[in-house]
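Below are structures written as structure tokens.
Two complexes follow with chain A in common, the first pairing it with chain B and the second with chain C.
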Partner chain A sequence: MEQVIANGLYLGAQYALIALGLTLIFALMNVLNFAHGQMYVLGGFITYTVYGQLGLPFVMALLASGITLAIIGALMEKFLFRTVIRRSLREESTMLLAAATAFFFDAVILLLFGEKQRGVPKIVKGVFNEGGIIMPYDRLVVGALALIFIAAFVLYMQYSRVGRAMRALAQDRVAAQLMGVKVDRYSMIGFAMGAMLAGIVGGLLVTITGVNSGIGGPISIKAFLMVMIGGAGVVGGAIAGGFILGMMESIGLTVLRQYGDVTYLAIFAALMVFLSIRPNGLMGKPWG
Partner chain B sequence: MINRRSTLKSMVLGAVSTLAIAAVGIPSAQAENKELKIGFVGVTSGPAAAWGTSNVRSMQTRAAWLNEKGGVKIGDDTYNINIVTFDDQKDPKRAIAGMEKMAQEGIHYVVGPNVDDGAAAVRPVAEANGIIYFPYAFPKALYQKPASNAVLGMIANYQSGPAIYKYLKENKGVKTIAFVAANESDPLSQRDSGVEAAKALGLDVVAQNDTYQNDTRDFTPVLTPIVALKPDLLVLSGVAPANAPLLIRAARELGFEGLISTETAQDAKVLEEGAGEYANGFISVGGASTPEIASDEMKEFVARYTKMFGEYNDESNTKVYALEYIIDTLKANPAAINNVDEFKKTMDTFSAPNPFLKGDAKLSYVGATSFGQKRQLAVPMVVNEYKDGAFQTLFVGSVD
Partner chain C sequence: MMLSVKIASVAAFLAIVFIAVPVLIAASGRTDLYYTLTSVALLSIASAGVWFTFYIGRINIGQGAYALMGGYVSAILVMNHGWSFWPTLPVAGLFCAAASVLIGLPILRLRGVYFAMVTLTLTEVARLLALALPITNGAKGIVSIPLPGALSVFGLTIIPDFATLQNSRLAFYLLAVTLMVVCFAVMYRLVHSRIGKLCQSLQQNEELASSIGVNIAYLRVIAYAVSSFFGGVAGAIFAAISQSIYPSSFTVTDSVNFMLNCFLGGLGYVFGPMLGTLVLYFGWDLLFQTGQFQLLIYSGLMIVLMLVLPNGLLSLALPSRKS
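The block that comes next holds the complex of A and B.
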């Protein structure tokens, strides 16, 4: 059982980090970024190229992933989403745009990086094996880094000037604008941060799970699941959703294994019941 | 007097003249050739993109090579090969649309689809439009009478599985076996036939219900309970090349010390990058894959493929064969070029040299034992063992 809990906690940490960027963009702009998984994949491939192919330090690769995705996110907000939000009264327009960018990224990534699964050398070798728990050291490092990133993100949102402005935007866009918050500027920063988080987590996890051009869609779906559990647009909700999903997956795959692949069936069934009782998830929207 | 304008004029005239001479004066053999369109309907995007992409690239590499040599002589005519591709995105509905597109283009020979449901879905379209197709899918109903238009393009798991288990039982002392499969039709059917074969051999099946979502990225929770059972052999039924290294790595990191195998083709580079030394000893099935058996022509194919696409895919060791069979069968009976009934007649007696293997290996259609009719390509059943970035031949088998 110790192993099952350890697996669940590790999965939860990585899932929470994946969901953070998605929920940030949703909170700020009410945009469901269907391309979040593709941004994760792109981050993974950048780390693969810089660290795995060019042999540069892993930290540099992680930085490259984060910065590249931040730039892409900022450009997407400025030239695509801002324009569509300004010109269209229908919320579905941004969803269609997000879906289109997801397909676009899928095609570009396939073209640039090929169809194969890619992996990089382990950042730390060896396996922790004590007290009935087996956990490779690289997972422990990645899990710890994920927790550090989550904590840094929460602190930044709570105490920095930019974070406070973004929280104000998420709570009431019009009121924030009337109080002098530059909506366009902070929307762009928020989108860039969301994309950067996707890139960083993609870069982090390429050391554990590798990356391939086809996993963007499934990653997005899993991120949406976590956000739905925790409550859309709520940072704490995304973190809670990630850990709940990770734990449910780990326990389900052990307890229900005799019945075939019913773990996700059970998770989806539980989610349907849960959402019918709490449609806004655990923590609802907006944050603050 | 030569000024700037007249110089430019001369240059333009010169260029046009050169192009005109090139166009008129070099009526190449290729320009006179007829065109033979061969189709591909399969998956070249999404998580399973590697399966179809290796098909398409193998066909394009071989076609470019043959066209470069002046085309293919079939009967009295010489043809350039034109590969027409359609990405079905692993969706049966799109596979049907793809096969309909092939029919509209007058194509009679199509490679693919890559998965069971796609291969089953296109059957009515193929049969109604006189198309012979070469799926990489294992349901026997596709190849048994009354079906007659599908030809299995590789070794089925129910053919390779028993051979692998038998070998490991006799040579490595395997007594207990566990299966894990993705929750999709192909891997699940492969798992079921694998379990059946293992039981028939007297092996103790300790796990057979464990499955995973095909988009799983972390397999530790999936494998934790299986590794605790300590089987001698862990079979990754129908595992996609993208998932194989992740499963191997997770099993080894959890302390699994037994053997790991699969009946599907894998890629050495993907295993090396994803699992490193953990992949040593991993057993899979390939085609003309190892230096011991590959001919010089196969080596040139690999070089050309690498030059065209930047990196070779070891799955193409099997995927290289389908186009070769189509062309050589048409050479053997030119009347089949627009008549698949003629093609079917030829299949029963067809035999041609296998250009990809050393020695006097032959291309022929097999499958009489498994399907009651010859509806399978005789691809060599090479069982490989991965070792330090490359495959080594464990043993070579065949199908009749």
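The block that comes next holds the complex of A and C.
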């Protein structure tokens, strides 16, 4: 039982970090970023290259992942999404763009890194084994790092000038603009931060699960699930959604094991029921 | 548009798909094109369904689920219950429509991205269900489904047995194209009817529509059921053509593609999905020669198209409604 909870918390921490990036982009731009999973994969491969291939320290690899993805995110916002939002009659058109960029990233990743499953050497060796909980140390480190990043993100959004501007933007774009917030600049920063978070999680998780070019889509779907549970565009909701999904996955894998591979089926079914009662998730605002 | 122009363009379109295309293919000997064009026709039927949910202001990325469901319903009825293929076609559609009413009642209350995300996961649910249920035969799928047999009414054979035909590809092409024409005729009629106008009011503002007495809950379930019916029918024929169906026959990628077809053709135009499917499918096929760069060029072109024509291909030919 303790093991299940520990696994759930560990999964939840990384999931929450994935969902945060997605929900940030959604809150600022009303864009559902289909390419989020692909950004995660890209971050993973960059860490794999810098840490696994070049042998540089892990922290540097993580930084490289984060910075590269932040630059990519900023460029995407400036040259792609901003243009399409301005020219399009319906704002859903950004979904086509997001899906196209997801395909594009898939292609780039496949060309640059191939289709093989890649892993890196463990960052910390050994296994924690006490009080009925067995957990490799590297998972503990990754879980703790994920928690630190979540805390840093929340504090940054809450207390920094940029964070305040972005929250204003998420609340009401027009009002924020009237109050003198530079909407374009903060949209770009927000998109860059969302992409950076995806890259960082990718870099963190490549040390444990490894990475391959095909997992982008499934990761995106999981991120969508978390955002739906917690409510789209709300930071607290993304964190809650991440931990809830992590916990459900951990419990489901233990309880439903004898019925075969039905954990996600059960989660989806539960989600349908939940959403019919609370269409906007736990904390989401109505959207329409 | 003048009525005579309309009739002429419809006649020209029918002449092209029913006469010109088979003649040209027979002349050039490229019978493999039949398969491509059949796929385009079927995919555009499914995309038309997605388009209709766009018409009520919902982003539907779950059409793959209904296509898969339709394919399995038809395959199971033919294989396990000894049905002929033809009656399974409407049954598959109706089964999907019924399922979509059940699923739609709760999820159609969601809007915008929430609906998009739920329908996206719906595709994944369908795949997992197909893997888990005993009747669908798991990952092995259902294979060697017989070709459609003869269909006769009062002893008069309307459609010959596909297995006895020399060129079953041509037969499938004609079947798919006929259904596509019927489907788009129905769509056109629907959109230009009273229901179509009401659906448009949903797209613009559901609260306002509801306040002037439009039964929005009823309308959107109907629209979703029509959409899923098309998805189911398309899936059933696909299963018959490939004579097999697997849980991976229709995946999230297919669902996203159905949505992309609509976007590319243009959401404001009934025939948008047809054009979008044709362009996307052929574009993908043509890029096959570029080998490993296929996906890169394809997605790059899509991004460029989106930047240049964010309102769809048909916005070039038709004046935009907003201006």
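Note that the second predicted complex is superposed on the first by the 285 of 288 C-alpha atoms of A that agree within 3 Å, B and C clash if a C-alpha of one lies under 4 Å from a C-alpha of the other, contacts with A are read in each partner's own complex, and residues count from 1 in each chain.
Rule of thumb we're sticking to: a contact is a pair of C-beta atoms (placed from the backbone, for glycine too) under 8 Å apart; a residue touches a chain by one contact, two chains touch by 3 or more.
What you see is a predicted model, and the numbers here were worked out from it, not measured in a lab.
Asker: A:Ala64 in the overlay: touching chain B, chain C, both, or neither? Say first, second, both or neither.
Answerer: Neither: A:Ala64 stays clear of chain B and chain C.
Asker: Once the shared chain is lined up, is A:Asn280 touching chain B (first), chain C (second), both, or neither of them?
Answerer: second
Asker: Quick check on the superposed pair: does A:Ile208 touch chain B, chain C, both, or neither? Answer first, second, both or neither.
Answerer: In the superposition, A:Ile208 contacts chain B only.
Asker: By the touch definition at the top of the document, which applies to A:Met95: first (chain B), second (chain C), both, or neither?
Answerer: Only chain C is touched by A:Met95; chain B is not.
Asker: For A:Asp261, decide between first (touching chain B), second (touching chain C), both and neither.
Answerer: both
Asker: Touch check for A:Asp106: first (chain B), second (chain C), both, or neither?
Answerer: In the superposition, A:Asp106 contacts both chain B and chain C.
Asker: Now for A:Gly217: first (chain B), second (chain C), both, or neither, which partner does it touch?
Answerer: It touches chain B and chain C both.
Asker: For A:Leu225, select first, second, both or neither according to whether it touches chain B, chain C, the two together, or no partner.
Answerer: Second partner only, chain C.
Asker: Touching chain B and also chain C: which chain A residues?
Answerer: Overlap of chain B and chain C footprints on chain A: residues 106-107, 110, 217, 260-261, 264.
Asker: Spell out the residues on chain A that touch chain C in their complex, using ranges where they run on.
Answerer: Chain A residues touching chain C: 26, 30, 32, 34, 80, 83-84, 87-90, 92-93, 95-97, 99-101, 103-104, 106-108, 110-111, 217, 221, 224-225, 227-228, 232, 260-262, 264-265, 268-269, 271-273, 275-276, 279-281, 284, 286-288.
Asker: Quick check: in the complex, which residue numbers of chain C touch chain A?
Answerer: Interface residues on the chain C side: 54, 59, 103, 105-107, 109-114, 116-118, 120-121, 124-125, 128-129, 131-132, 206, 252-253, 256, 259-260, 263-264, 267-268, 292-296, 298-300, 302-303, 306-307, 310-311, 320, 322.
Asker: What residues of chain B sit close enough to touch chain A in their complex?
Answerer: Contact set of chain B toward chain A: 44-50, 53, 183, 209-213, 215, 217-218, 220-222, 224-225, 241-243, 245-246, 253-255, 267, 269-270, 273-276, 310-311, 313.
Asker: Which part of chain A faces chain B closely enough to touch in the complex?
Answerer: These residues of chain A touch chain B: 3-4, 7-8, 10-11, 14, 52, 106-107, 110, 114-122, 127, 129, 134, 136, 139, 205, 208-210, 212-215, 217-219, 249-250, 253-254, 257-261, 264.
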